[in-house]
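In what comes next, chain A is part of two complexes: it sits with chain B in the first one and with chain C in the second one.
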Partner chain A sequence: MYDLIEGPFLSLAFIIFVLGLLYQGSRFFQLTRKKEWIAPPLPGAEKRVKKSVGQFIIDGLASVKGTLWKTDPLMMIVTSAFHVCLILAPIFLLAHNVLLDQSWGIGLWSFPESFTDWLTIVVLICVAFFLMRRLFLARVRAITSFYDYFVLLIAAAPFLTGYLAYHQWFDYRTVMILHILTAELMLITVPFTKLGHMLFFFLYRFLIGSEYSFTRGSRTW
Partner chain B sequence: MKLDCIRVLMIIMLTTMIALTGSVLMAQQDKMILDSSNASQNKGRPAVTFFHNRHVEAGLDCKACHHLYQKGKNILDESQLVEGNPAIRCSQCHAAQLRLNVQQAFHSQCIGCHVTYQKEKKKTVPRYCGECHARK
Partner chain C sequence: MSNQNIKPINTGEIKEMLNRQKGKMKRYLSFCAHCSLCADSCFLYRAHNRDPQYMPSYKVIQSLGKLYKKRGEADRRLLTEIKGIVWRNCVLCGRCYCPIGIHIPSMIAFARSICRSQDVYPQGDEASSESWL
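Right after this comes the complex of A and B.
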């Protein structure tokens, strides 16, 4: 059992994760390859207006009005905290890095464990917030299906089991096995569910954005 | 005369005890606390309670764990292995500033052996972090 989930399953999960992301990324570029125009007539693109620093800041703050900061500041804070902690906690977790060091001879620097423990708590509180939102906020519930709860569960499960494992609540071995399995499930599902925003966020946010400013839209969306 | 008899008896008993248990080394305390929090950067795990006798009972040779390597050979003199001898402490060689510091040394030796042992003997031994670094 242990040899299976720590050996072939783990390798398979990582292979599916990496190949899946490569596949989705290449599909993304393939689907948008057709050129819409060669030299798009973007007005004012040639003439850059020089702004003062003050004006730059004022414009920047004004553009925030179009984002979540303006429409839903609480959600904006919670989702930011969630993503920061979600990424930091597993990467700089002491136990992960000790294991990495044991098997590959390289381990990253780690946070003290009491600190990663707090990061995990933040992740779990944010998950609870997202769940409550989906359950009780009418406008969110209206667009929520079983799939959304399932994805939320996949994202939360490694952190919940990790938290239980760290505090050694319930049967430690069972919790550890669940922790490994749920993490593997998460890796496998990332490229093929909406957890894929792990990759696509950067494409949406920066590639598409730049297509309409610096690089003058040469792709078809 | 009576006192002598008791002395002789006691010596006989002691010799038998040593003979039966194999060596004086077996008579040492079973539970040891391995706490390297001073030797390496400790970031929060509880110290390990190590059961020496279980490892002897499992049929391990002293030199399966205790070692002093020279040119790839374990040249440790087993008569050195007496309780309280500072020269045989792991931290004597595995110093904090070394790559193979005391934490690394314990992890490699314990986990390494446990993983192979479980594979070969099909017996359940501690292998996940919290099974050795157990919270009370």
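Right after this comes the complex of A and C.
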């Protein structure tokens, strides 16, 4: 059982994760080949006005006013912490990189274990915050179904089980099996559920022509 | 007499329309994180005491989302319900902001096209009695 989920299942999960994202990405590029002018070049628009450092900072702060950092700062802090820790913790985790090194010889540089342990705790606290929002805020509840709780669980489970494994709570072997299974489940579901926003955030916000594009995206569906 | 009670709903036509835009619309629907951060960017939501019914993602899920979920098997009641959402609860001002980049107005506009293809749309006097501002 252990050999199976650690060997072939794990490879399969990674293959589905990578191929799934590649499939979604290539569909996106096929479907959005058409281009449009999102911001017609205005005369003189290329000319940059020189600003003093002070003015630059004042303007920067002023531009925050219209964003979610102004309207929902708590959520923005939580979601930023959540996503940063969620990405950093597993990639720079010593245990993962040791395992990678043993099987592929390509372990990355790692954070100290006590640090990644804290990142894991932050992720779990943020998940609890999301859960509370979903349960108690009318506007979130209005668009919540069972599926949303399930996906939140899928995202949280590898962190919860990883935490339990690291602290050797409960039966280590069972927890480890659960950890690997839930991690595999997460990898498999990313390309096909709302977790796919991991890829589509970049495609939508950078490549699609829109007023809110971070760059001058010009692709259209 | 409005023509809305005459023409039978052609689900085949709805299905065809849904299919034509599937690549785009289904991805928008499925990658929405259901986070509700778009709520405050909609002036109608704010003008209605933050009633969740007016939240951009709610409006999309209850209109276009339902049509895809039912695979186009819509009856007149559903389309009439959707009519209220996509014409009364949204004015397509295009101001909604989604951090992930989901484009709500194009989805509402598409739901309107589908309703219109079945002759479901606000009729003369209805349009004025629906003045909500």
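We take it that the second predicted complex is superposed on the first by the 179 of 221 C-alpha atoms of A that agree within 3 Å, B and C clash if a C-alpha of one lies under 4 Å from a C-alpha of the other, contacts with A are read in each partner's own complex, and residues count from 1 in each chain.
Convention: contacts are C-beta pairs under 8 Å (C-beta built on N, C-alpha and C of every residue); 3 or more make two chains touch, one makes a residue touch a chain.
These figures come from a predicted structure and were not determined experimentally.
Asks: Overlaying the two complexes on chain A, which is it for chain B and chain C: clash or fit?
Replies: On the superposed model, which is not a single observed complex, chain B and chain C fit side by side.
Asks: Looking at the overlay, does A:Q102 come into contact with chain B only (first), chain C only (second), both, or neither?
Replies: Touch partner of A:Q102: chain B, not chain C.
Asks: With both complexes overlaid on chain A, does A:Y204 touch chain B (first), chain C (second), both or neither?
Replies: Touch status of A:Y204: second partner only.
Asks: Which of the two partners, first being chain B and second being chain C, lies in contact with A:I143: first, second, both, or neither?
Replies: second
Asks: Once the structures are superposed on A, label A:E113 by its partner contacts, choosing first (chain B), second (chain C), both or neither.
Replies: first
Asks: Here's one for you: vertex at chain A, rays to chain B and chain C, all C-alpha centres; what's the angle to the nearest 10 degrees?
Replies: 150
Asks: Which touches a greater number of chain A residues, chain B or chain C?
Replies: Counted on chain A, the partner with more touching residues turns out to be C.
Asks: Of the two partner chains, chain B (first) and chain C (second), which one does A:I154 touch, if any: first, second, both, or neither?
Replies: In the superposed model, A:I154 contacts neither chain B nor chain C.
Asks: Looking at A:L94 after the superposition, I want to know if it touches chain B, chain C, both of them or none. Which is it: first, second, both, neither?
Replies: Touch partner of A:L94: chain B, not chain C.
Asks: After the two structures are laid over each other on chain A, how near do the C-alpha atoms of chain B and chain C get, in Å?
Replies: It comes out at 35 Å between the closest C-alpha atoms.
Asks: Which chain A residues contact chain B in one complex and chain C in the other?
Replies: Comparing the two interfaces on chain A, one with chain B and one with chain C, no residues are shared.
Asks: Spell out the part of chain A that touches chain C in their complex, as residue ranges.
Replies: 24, 27-28, 31, 68, 71-72, 75, 79, 137-144, 148, 192-194, 196-197, 200-201, 203-205, 208, 210-212, 221
Asks: Quick one: in the complex, what on chain B touches chain A?
Replies: Touching chain A: residues 43-45, 104, 107-108, 111, 118-119, 127-131, 134-135 of chain B.
Asks: Spell out the part of chain C that touches chain A in their complex, as residue ranges.
Replies: Residues of chain C touching chain A: 23-24, 27, 30-37, 39-40, 50, 52-53, 55, 57-58, 61, 94, 97-103, 106.
Asks: Under the stated contact criterion, what part of chain A meets chain B in this complex?
Replies: 2-3, 94-95, 98, 101-102, 110-114, 165-168, 172-173, 176
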